[in-house]
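Sharing a structure here in structure tokens format.
We just call them A, B, C and D in the order they show up, numbering each chain from 1.
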Amino acid sequence: MKKIKSVEEALSYIKPGMTIMVGGFLGVGSPELLIDAIIERKIGDLTLIANDTSFPDQNYGKLVVNKLIKKVITSHIGTNPESGLQMHSGEMEIILTPQGTLVEQIRAGGAGLGGVITPTGLGTVVEDGKQKIEIDGKSFLVEKPLRADVALLRGAKVDRKGNICYDLAARNFNPIMAMAADIVIVEADEIVETGEIDPNFVMTPHIFVDVIVKGGK
Amino acid sequence: MDSNKVKEIIAKRVAKEFKDGNLVNLGIGLPTLVANYIPKDVEVTLQSENGFIGMGTAPLPGQENPNLVNAGSQPVTINEGAAFFDSSISFSIIRGGHLDFTVLGALQVDEKGNLANWMIPGKKVPGMGGAMDLVTGAKKVIVAMTHTAKGSIKIMKECTLPLTAKAQVDMIVTEMGVMVVTDKGLLLKEKNPLYSIEEIQAQTEAILIIAEDLKEMEI
Amino acid sequence: MKKIKSVEEALSYIKPGMTIMVGGFLGVGSPELLIDAIIERKIGDLTLIANDTSFPDQNYGKLVVNKLIKKVITSHIGTNPESGLQMHSGEMEIILTPQGTLVEQIRAGGAGLGGVITPTGLGTVVEDGKQKIEIDGKSFLVEKPLRADVALLRGAKVDRKGNICYDLAARNFNPIMAMAADIVIVEADEIVETGEIDPNFVMTPHIFVDVIVKGGK
Amino acid sequence: MDSNKVKEIIAKRVAKEFKDGNLVNLGIGLPTLVANYIPKDVEVTLQSENGFIGMGTAPLPGQENPNLVNAGSQPVTINEGAAFFDSSISFSIIRGGHLDFTVLGALQVDEKGNLANWMIPGKKVPGMGGAMDLVTGAKKVIVAMTHTAKGSIKIMKECTLPLTAKAQVDMIVTEMGVMVVTDKGLLLKEKNPLYSIEEIQAQTEAILIIAEDLKEMEI
């Protein structure tokens, strides 16, 4: 069970047309090397699930600029003008989802739940075409679970088995996405020996992690 | 009025709403300024939806930490007793009614408490980010904004832009006054002494109900 | 915002007839002093939400033995024979719920979700009388959120603001219940100064906690 | 057969199913013994549904930690690389398909893969604990049990006791043989050489389909 691999080996899991989840919030807590490697190899036609589309020159924002994304499921595209342009030109499909719904959809995908029952989006365009449910006289939207073929995460400290600790606000979507993809690849700022992370403070248990890549930080 | 003065009036007034022990989320832009006016003897915890509570002021130049930013990607600091968590917990806090206040801007807000602040069809579609959850989940929703957008009216009888949430706004604070959403419509509770009621109404599509004990805002 | 209080003060939040959640798994990670104080004061007619009913002589198991509970929502009563006896005699109502459903119901109650969509319990008596939902051709049960008037937790290390760290398997339901009650009381093995817990490793953020009681450990 | 020998045969056989890297949940009682027979060169991670992975053996006397117990309240140890989490993560692992195997006992199991192991109406109602989620969520469900309960039949055409889950069992391992649930019914793939097929069928209500390549179990 040797999980530490080269970027080259890690990239072999990512094929054109796949759905990828990328951890991060406006690029904070996102894997740099892995994203650059996808761009270098021009792996395209991807569906991206991420909180936002970051900035044009940063991290997964560059995937959009390089036209490698055919569809995005996200809560915000305002910091990357290229997203808006490609949406209006029809080059990229964009599904805008409230942030709290998005993270619960990913959690549901990882936790074996059939969907999310949320009040968020009621009475707005978010409810268009979606199933509603009434519970004790109150209306809610039913949002479907989200999963990906591959999740690309960024960890601050990762042990050889794959246990992850994140740093400060770089945690964000990472631990949730870790549960919701067939293959989970983490880019580690630091790789430590197994046993060096206190078992009480592991933020993503190693069983969710398939591949560890040493990051450039 | 000077635009900085306008922002100051609004931010200062919003800050008076908070009580000791409150948990508050301040939106990007004008609402962020509210933090500067919270009285020293009122302990307010600020939440940042990218995953922490206990947000502090901006760091000194050179002391920025790339992993310590607010939801608008600006470097911040944390106060003693801060705590970090993942986005699912962050939005459990937001949607679960644990936030006492969310303060955000608006493109439009109406007399029923409807809010539109996330898109202008055909023009600008940034996305809703966390706004829909914030407005749906917070105990009290305060819209903090300039009364008009360069003269064009924002406080409507009924919003014409796509909604962020339906009937969730509790209070609107502008440089002209403080309005509360009631069953009967918008109640003007405080006004800026520089404006007459008629002047404020002229910049407002919704018909303002004037509070019997109408007060003057501190300016 | 002084949260540290005496057991006496903490108990003033708990009234007969209330719904209480108690953290713990077969009594591991449960507040000892608070439970004993409830028994001493004979605060009864309570609805208990807990993973199990523990053992007759341990922790919240003693609430059952002392007949202070009129209703339990739980996943397991097998370790406390008194629970079965009171169920059969009709003295105590017992709602048996799959453990994974129970914890999600509590989480939904704290997270502002309208319910839980789960495959667990389909085709069993668990589905009796419950709403079902079909999503993409698959059937699921809809389970309602759970909340309590008061949650009673046990923390290993708690700072003066109320940030909590749990120890090993004593974590279990505690952090989830911390989100789902009007008043949250934590019994702390150790109370430390604010700032002593690394903000990265807080397991329950202080904003969920109303009252801190020093435990006897 | 000696009851310890029976348990050993079953536990040893179940352990052979695991592959390097698997995550496994072992139920209380007989399934717990499976841990003793996992080959040294196969790295299996054990999950305990009260909130951790990396469960190890029982501690030496005097080294018990009250906060480190398995789901049956027995003191355990942890291996290097263990991780603790709350019950919502624990059941996200279980229900989310992250468990490769769950091994548990049964009161009854039938040829459709239905399982009953949580109550006997009017007699014993311990509750389902985590069993329903485990059986619904694990990739592979193995029932590990004595073939009969003191002579009374447990492998049925159709369970008569309240179900734990419908059509989720993949494999049944008893001291008499190994049965796999197929569309056509229960396929006997291995048998204990001490019993004839007729003897096994006589202790089984479901009609056993005999595998063409029927193998002998190691005893």
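Keep in mind that, in the parts below, contacts are C-beta pairs under 8 Å (C-beta built on N, C-alpha and C of every residue); 3 or more make two chains touch, one makes a residue touch a chain.
For clarity, every value in this text was computed on a predicted model and none was experimentally measured.
> Which chains lie in contact with each of subunit C and subunit D?
The common neighbours are A.
> Out of A-D and A-B, which chain pair has the most contact pairs?
A-B
> In whole angstrom, how far does the Cα centroid of subunit B sit from the Cα centroid of subunit D?
The separation of the two C-alpha centroids amounts to 55 Å.
> Cα centroid separation between subunit A and subunit C, in whole Å?
Chain centroid spacing, subunit A to subunit C, equals 32 Å.
> Counting only Cα atoms for the centres, state how far subunit A is from subunit D in Å.
Chain centres of subunit A and subunit D, defined by C-alpha means, are spaced 35 Å apart.
> Once you find the CA centre of subunit A and the CA centre of subunit B, what distance in Å lies between them?
29
> Could you list the positions in subunit C whose residues touch two or more of the other chains?
104, 107, 111-113, 118-119, 167-168, 199-200
> Which residues belonging to subunit D are in contact with no fewer than two other chains?
Residues 52, 84-85, 88, 91, 94-95, 136-137.
> Can you list the residues on subunit C that touch subunit B in the complex?
For subunit C paired with subunit B, touching residues are 1, 107, 110-113, 159, 161, 163, 179, 194-195, 199-200, 202, 205-208.
> Provide the residue numbers of subunit A that touch subunit C in the complex, in ascending order.
Residues 104, 108, 111-119, 131, 133, 135-136, 138, 140, 142, 144, 165-168, 199-201.
> Which stretch or stretches of subunit C touch subunit D in the complex?
25-29, 51-52, 74-79, 84, 87, 96, 98-101, 103-104, 107, 118-126, 156, 167-176, 203
> If we count contacts the way the header does, which residues on subunit B are in touch with subunit A in the complex?
Listed in rising order, the residues of subunit B that touch subunit A are 48-52, 65-69, 71, 73, 84-88, 90-91, 94-95, 114, 124-133, 136-137, 162-167.
> For a test of understanding, state which residues of subunit D touch subunit A in their complex under the given definition.
It is residues 20-21, 23, 43, 45, 47, 52-54, 78, 80-85, 88-89, 91-98, 136-137 of subunit D that touch subunit A.
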